[in-house]
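Take a look at these structures.
Each of the two complexes below includes chain A, the first together with chain B, the second together with chain C.
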Partner chain A sequence: MSGQFPAGSAIELVGLTKRYGTSVVVDRLSLSVPRGSTFGLIGPNGAGKSTTIKMLMGLLAPTSGSARVLGFDVATRSRDVRRQVGYVPETHQIYRWMRVGEVVGFVKLLYDSWDDRLCEDLLDRFALDRNKRVKHLSKGAIAKLGLLLAIAHKPEVLVLDEPVSGMDPIIREEFLEGVLQAVADGRRTILFSSHNLDDVRRLADSVAILCEGRLVVHRDTDALLASTKRVTAVLKDGCLPRGAPEGVIWQRVARREWSLTITDFSGEVLGRLKDENPIETVTVEDLGLEDIFKDYIKGRRAVE
Partner chain B sequence: MRIDPKSHVPIYLQIVEGIRSEIGSGLRRPGESLPSLRALAVELLVNPNTVQRAYEELERQGLIISRRGVGMFVATTDEEVTRGSEEEAVLDTFRKGIASARAARISTRGITQLFEVALGQTRRRAGGRT
Partner chain C sequence: MMRSLLWKDFRLNTLIWRIGLALGILPYLGAVALAMLRDGPSWPGTMFWSAVLTQAALLSLAGSELTLTLLGGNVIACERADRSAEFLAYLPPSRAQVLGSKALVSLGAAALIWVPNLLIADLLAPALHDGSVDIAALQQASLRWGLAATGILLFGAGWLGSALLDSPAVAVGFGFGLWIAVIASFAASTNTLGWPTAERVAAWYAASSAVLGALCIGIGSCLYLRRIEP
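Entry: the complex of A and B
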């Protein structure tokens, strides 16, 4: 596999798989994330997002397949990966009895590239009291400390696992501002998983939907939104659809109404749908990311 | 300016329209500087790549210009900026007219004919004044 790593990629997964006994948590996942882009990983609970991220960080060994970060295979070069990646885990494992200043001093020792000035700047910006013990910090402050510890060594790649889950709207906004302030000038690559689809829409250049360990779709976010449409057709009395066009990700017939969500939609697709089916009228609507996400998942589950 | 993450309109286009209307309303004046990519990204909570794309589009449309090493500025060729927003306002009036014609079930040909009539009338009026 060496030498196949594309120069423009920061992250490259090839057939990445994690199995526990007979259950497959991550199933032959292949995708690449270009350098300097922001990538959003979404999926229902148990889709394999966290497992994928843990394999990416070298914290879990893949059963098969490979993951490379900045060209380093995570299975054999996890030290190199960790040196150049900032990681904000789902649950912060920061020593709760330590003071903020002590935690910072401790983590600093792990990185050659630690930037003291940036660190001081972030402590001030995030209003973190160096003398406070971690256990006395608010949830939002702990999250910000976690972010600081992940970015003060100026990593090329930032990985965040459900960074804003459980945060109130104000803290969420402050945290996202912190991420953007920290990364906006460095042209860094960001990979994050989230259930907050508004955040994914705001931040992600490309988005991947994971369902039951499998990659359902991975696309440029704007392209996904532009090419996915909901078509609602009224069927002629007593008729059923004869054939759905290509690109249907979800469909439902309820009495005379035939609803379809179609990706790579075009006038040609609509023409064929009309020609080949007993249809009275047809309307085409745009969809937001949330509807597209739900339709992909519902469509996927209907097949299985 | 507000970004609507639920809209299907690409976010970079939402920013383009936001800045266009800020220039149109006089909130941003010709020659004034625009926020840096990073500052606007943080303010709007969007990806800096998206802000860059919006700025590129605004530059292409001649609404803003970049000065190397200094940043982005609202274009000073006033006419171009105001013409852009005036044209947009006229277009909006036309759209409303077309919508009311459609509501009255007037065909596309009928609408075109009515437009020609209106154009002829104003031409005569303008001719009478000079």
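Entry: the complex of A and C
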């Protein structure tokens, strides 16, 4: 099954599906994340991001399909996966009755690869008080403790499930700095999901957009940004568009203004658009990741 | 790895260990109070202590039933209740190691209660005894077997409840519920069918409770090991 993916894949999902009764939460999701890359998983609420990550971590059984991390099948080699993956969940469920020092001591003994020096550095950098109980920590401090526990054993793969949701900008920045530090050697693979597209833009080499459990797009971030354009055409008086070019992910006609978001945009695509439609003027603009994301989702929902 | 898990499981059950310790010691404190009330400043003779320690040991063992039920009911469900089971689930220990640690801590608690009490009842009390009364009658072997079997049933039912449920309180309730159901079944069977006879009912109860308790532990363990979700 792994033969369908490049040999250098750190994470491989093949037809991963999760159903609850008749509701399909993740629908035949297939994708591959190369080793050493940073991959952003984005999607609206309920898109299936957390479910996908939980299946990847072996915390949830898929209805069908398979997931492999570093070549290990999650269903059968879950322990090998857990040894080599650092995971930061959306909601941290660290033992609330333990003190920070106790949590660190507890987790440390579970990993052969635990790095004491890195752990001490992170404790200092995140200003975590070892004597404070987890239940007395702020949400941001718990998230930082979660990140510390996830990276102090020097995992090959780091999985972050909306790790900074609900955090103030300063804590978010500290957290992301920690993540960036973790990937500084360039050997670690990171998969993270987030609603904050600025963070995704900053961190991710490639992004995938999920909508209602389905993969809408999976591309290199820079290529996606470079090739996706918003085209605004003013139609001739009394005319309607005749045909949209290939690669339209979303479009809207408001009076004479025809707005289109086009992926894999090129001069040739623009030429065809002009030739085939009664257009007076046309403007082309770059889009940020947030607009691209919104247009993919709106386009997807309009189709369905 | 096991050291870390054992430490965590011990800490998770600290309150229950304290309850168990209190219930275990209380009968002996009662014995000392009784000696002081009865004989005032003069300390009673060894014969008194032989009889009182035997009874205190039995009471202490009876008190362990509550501790065992609490341990069984708390074993898995307590980490589900506060969702720390999700944290543990993505750490490296296997399910078998997690369960093994829980079983060791529970067995340790049971041994800490039962072994000293049995040593007191079977070694210390007879050593103090001068032969003037029947020590075997005081020791009540069949009652002890009944208590041991009840302990296995209560712990096992709590363990099964804990493997199935998210609430330790409900799991403990399940443990007591199953125990009451077993007693009620034997009472109904003896009274309506005449089987087992009144003389044999205690033996049947002990054997059935021990088997049922062991089955519950086995089923609960399998369910926990096979389940993917925390």
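A few notes on this one:
Keep in mind that, in the parts below, the second predicted complex is superposed on the first by the 299 of 304 C-alpha atoms of A that agree within 3 Å, B and C clash if a C-alpha of one lies under 4 Å from a C-alpha of the other, contacts with A are read in each partner's own complex, and residues count from 1 in each chain.
Please note the rule applied: contacts are C-beta pairs under 8 Å (C-beta built on N, C-alpha and C of every residue); 3 or more make two chains touch, one makes a residue touch a chain.
Predicted model only: the values in this text are computed from it and were never measured.
Looking at the shared chain after the overlay, A:222 reaches chain B, while chain C stays out of its contact range. When the shared chain is aligned, chain C comes close enough to touch A:58, but chain B does not.
In the superposition on chain A, no residue of chain A contacts both chain B and chain C. Residues 36-38, 173, 176-177, 180-181, 183-185, 197-199, 201-205, 222, 225-226, 286-290 of chain A are the ones touching chain B in the complex. Touching chain A in their complex are the following residues of chain C: 1, 3-4, 7-8, 11, 82-87, 89-94, 228-230. The touching residues of chain A, counted against chain C in their complex, run 57-61, 79, 82-83, 85, 87, 89, 91-98, 105-111.
By the touch criterion given at the top, residues 3, 5-8, 10-12, 37-38, 41-42, 44-50 of chain B touch chain A in their complex.
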